[in-house]
Amino acid sequence: MPDTNVDLSVTLAGMTMKNPVVVASGTFGFGREYGQFYDLGQLGGICAKGLTLNPREGNPAPRIAETPMGILNSVGLQNPGVDAFIAHELPFLRNFDVKVIANISGNTPEEYGIMCEKLAGAGVDMIEVNISCPNVKAGGLAYGTRPELAAEVTQMAKSHAGKVPVMVKLSPNVTDITLIARAVEEAGADAVSLINTLRGMRIDVNTRRPILKMNTGGLSGPAVLPVAVRMVWEVAQAVKIPILGMGGVSRGEDAAQLMLAGASAVAVGTALFADPYAPIKVRDELGQIAQRQGLTAVKELTGQVKPW
Amino acid sequence: MKVERKCTIVAREEMGDAIYLVLEAGDMVRTSYAGPGQFVHVKCGEGLLLRRPISVCSCQEDVPNDLIAIAFEVRGDGTRWLAQRKVGDTLDVMGLLGNGFSIKPKGRYLLVGGGIGIPPMRGCAQATEGRSTAILGGRSKDKIILQSCFNDECAKVLIATDDGSLGHHGFVDALVRQELEQDKNYDGVLACGPKPMLRNVANVAQEFGIPCQVSMEERMGCGVGACLVCACDMADGSRKHVCKDGPVFDSKEVDWNA
Amino acid sequence: MPDTNVDLSVTLAGMTMKNPVVVASGTFGFGREYGQFYDLGQLGGICAKGLTLNPREGNPAPRIAETPMGILNSVGLQNPGVDAFIAHELPFLRNFDVKVIANISGNTPEEYGIMCEKLAGAGVDMIEVNISCPNVKAGGLAYGTRPELAAEVTQMAKSHAGKVPVMVKLSPNVTDITLIARAVEEAGADAVSLINTLRGMRIDVNTRRPILKMNTGGLSGPAVLPVAVRMVWEVAQAVKIPILGMGGVSRGEDAAQLMLAGASAVAVGTALFADPYAPIKVRDELGQIAQRQGLTAVKELTGQVKPW
Amino acid sequence: MKVERKCTIVAREEMGDAIYLVLEAGDMVRTSYAGPGQFVHVKCGEGLLLRRPISVCSCQEDVPNDLIAIAFEVRGDGTRWLAQRKVGDTLDVMGLLGNGFSIKPKGRYLLVGGGIGIPPMRGCAQATEGRSTAILGGRSKDKIILQSCFNDECAKVLIATDDGSLGHHGFVDALVRQELEQDKNYDGVLACGPKPMLRNVANVAQEFGIPCQVSMEERMGCGVGACLVCACDMADGSRKHVCKDGPVFDSKEVDWNA
């Protein structure tokens, strides 16, 4: 537990979390593995591994490559499908005092709708609509790069999610991310999360082969932090809905940057691979930063950057 | 609760191109040993984000600190960093991870190690307490490391080198065939090495109708089963994960054409 | 001099360089400073600091921030103007056996035209048309993100550059870089260079101020290498004109990746700040890689990646 | 040809919050010394891309290696790394860079150093061979470092601390005023410290009509004048560069309102 008196709780689209640190979708599975390292109740929330309507085996390996202060991945949404999640994984996650955010990807707006209905019925705390996964050719990229498609998916998700808040996850691989953010806000999104991965490539110069079997993949990790901070700041000025900020967070200072830029909460992903305790450390360091600045609550950081 | 630990290097030896390290690992063996063939996930300096998976060569419970030995070759930035560590330095290690070889009580196995796949077989030799036969292969004789340990810890040791500089001139699968022809009483074949070697060994074992377990490699992220990057294609079209479901798989499960 | 027998020479849009290593515009001034460290003739080419029609003082400081394996800059095209370059800097650069590539930014297509005419008359070896500098509000960003504007600037440049080859420098801050690459190819560009910087931000969590006085700036350095490799690969498949690849190169292996992805030559920028000799080392290591692979010429690497 | 050099740390001392290092610098001083106030550009480990500029405190030609001393406070990742270096470690150093203070032969100066701006004034004290007066300021008395050196190397030393724990209770500019009122024979004021202090000192010097040179700070990239990031706004609306045109500027050149 953090050794500060600072109130760590934050609220994201009506969902109150005991602290602002969430783990990023796809980097934490369904919690079972890192749950062997610490009590999952120490986290603010868990974005579960991205779900699809039907089970998927994902892309062939290699699915990961290392780059300077970053990694590329091309997992391609391997998952057991939304029903298996509801039957086997959600009950496990419900053992812990932590918010559960389901992350979904569909091939059609209708698929998003069906999944939202199932997940809302099953009682997840929030649904994160992934319109930005750059790894799946069918649909994935397009929804996230075109405002009108992003809006369509958002509407469909909202109309099937009942009272469960819908958060739309934005792709950074766009010319102007604020256009997409505005489109999903207008379409009824309760929050946005960003950034998903930047598309990148690494080549083994000896074999002359791309390291990833899919040739390209999504870049994440500290390398992308400055892009994430910039985009969160831009989106925060463009929309009124709250932001879950992510991309390269590995220490409290990184999380504080995203919050100052406009995020209400932050997610930690890639940093887990170097250090399974990274989210806990980020939480504690964030509390310390807030305390050093004389704040009574971490949420006072949100949006408080003073641009020149 | 699983933990990641700072482990002190208490011994370091160079064996041909390989570096052999012994680490003090707290209660790591006591709390997470699950047979030979598991691996540790090692942080290789601050500059590299990803940990490197290295198989356990041998390990033992000890007081106050359990001991684990690993052996590796320099392949890139991470192993280069690791090779520069000295006795007394500490390493940030997650382990023991994954599933090792399943060994029947009193079982007698044919242990096949190729190149830097030799060290992990040592744990199998120790676990089968002198009953097994080791077949060790490599490009040339300097790649055949830990031979004297296998001599001590196995009933028989056969060597193959690609260039004929030691033992049989050729690949290990020829020796596997020879041995299985002569001796029908093995409980199984356990193998670690490059994928083409594993495939050949698996084929020979299948011919003889004898169970075969293989230790597979894949690029890893988390090392614990959370990120799903370390996919290994299975014969049934599914994908399992080397770090959690493996690294040891039944050879019949694996899709060798992937 | 490299200790290999490999032929290092490459040709980029008809311009032959003794080796494929160029220094990136804006990181090497007009060569005078690093010329105190080594003979500029060791380089393949020099992309000079970005020029504008009239002298500019650029943006207020701070103009640089450090990020994980990257830097952000917001210099904002400080330069003495194209005439001063021709009068004072070009004659100096002409003392060395190195190709001189002028880099230009304009507020209007006409300005690009005027600059090209002056530079072609003065006899530079190539003109790099910067349509992507993200720091200057007037025009800079827009040209690089819209195919039709990029084409307009290219046409104007080409029609005023006479026989001097025109290379258009592309921005990575776009949804689909191949659209821009194709547009400038069709408009007559002789080559493209990429990537310019990705837009990013860093915030000082104590002062709550962005570190850069311009709030955001351009990200460069090793962090962006995987994005550069991916974009070079995409552009190489989309256009026939040659590519000068850049973004995060700090060692021979990085340069080899960009060449395998499709670049005919590479530029080194940010790496200079850590190590003034970085371009020389990249050149030598590239030669060694080619030799290890049994090549007789480094140019054999170009485009030779074998995608899965 | 300029070079970047590996310099061995031959002495290390902690002075309050500051770390003082002496480096063996090959022929760096012989080949690039241009007066006190220059700086070195130091690589702080592999993980950080940018070098850190640190002013030279004092330096001397020597055989076989010239010696340079620097002093710094921990402000972030780079200086934290630097603070952990030990005697015998090597640093990757570019230098001596920039333009120092211009000092007239036989000149007599008022040297003003604030906080971690004190060390660079030591080179000025040495260059003016005991003729100058030093005014040293800091938040509290533990920030007043190298005082005994200034005692030895200056005609007079005055101290100001913000909290009154040593010397004058207040800022250095009060002492500058006092000294300039009493003594009209200074050839100029030379100052290094935080920008608000420099501005106040420059104002006082201007009042008395005496030339003033100040050492400015700005975030740097290349350190040699090539990348133009270290811009310093000039009173005439132009922008000069701290690494190449400075770090020392005539105080009248500087735009103090930027």
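Order of writing sets the labels: A, B, C and D. Residues in every chain begin at 1.
The rule is simple: a contact is a pair of C-beta atoms (placed from the backbone, for glycine too) under 8 Å apart; a residue touches a chain by one contact, two chains touch by 3 or more.
Keep in mind it's a predicted model, so treat the numbers as computed, not measured.
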Inset, instruction - Mind checking the centre-to-centre distance between chain B and chain C? Centres are C-alpha means, answer in whole Å. - result: 47
Inset, instruction - Provide the C-alpha centroid distance between chain B and chain D, rounded to the nearest whole angstrom. - result: 58
Inset, instruction - Can you check how far apart chain A and chain B are, centre to centre, with Cα atoms defining each centre and the answer in Å? - result: 36
Legend entry - Chain centre separation (chain A, chain C; CA means) in Å: 34
Inset, instruction - Could you tell me which residues belong to chain D and also touch two or more other chains? - result: none
Inset, instruction - Could you list which residues of chain A touch at least two other chains? - result: 65, 69-70, 221-222
Inset, instruction - With chains as vertices and touches as edges, which is it: line, ring, star, complete or other? - result: ring
Legend entry - Inter-chain touch pairs (all): A-B, A-C, B-D, C-D
Inset, instruction - Mind listing the chain C positions that touch chain A in their complex? - result: 65, 67-70, 72, 145, 173-175, 198-203, 205-210, 213-216, 219, 221-227, 229-230, 233, 248, 253, 256-257, 260-261, 289, 293, 304-308
Legend entry - Residues of chain D that touch chain B when the two form their complex: 46-47
Legend entry - Contact set on chain D toward chain C in their complex: 1-4, 43, 48-51, 94, 218-233, 237-239, 244, 258
Legend entry - Residue ranges of chain C touching chain D (in the complex, touch as defined): 26-29, 32-34, 36-38, 49, 57-66, 69-71, 73, 75, 78, 211, 221-222, 270, 272-277
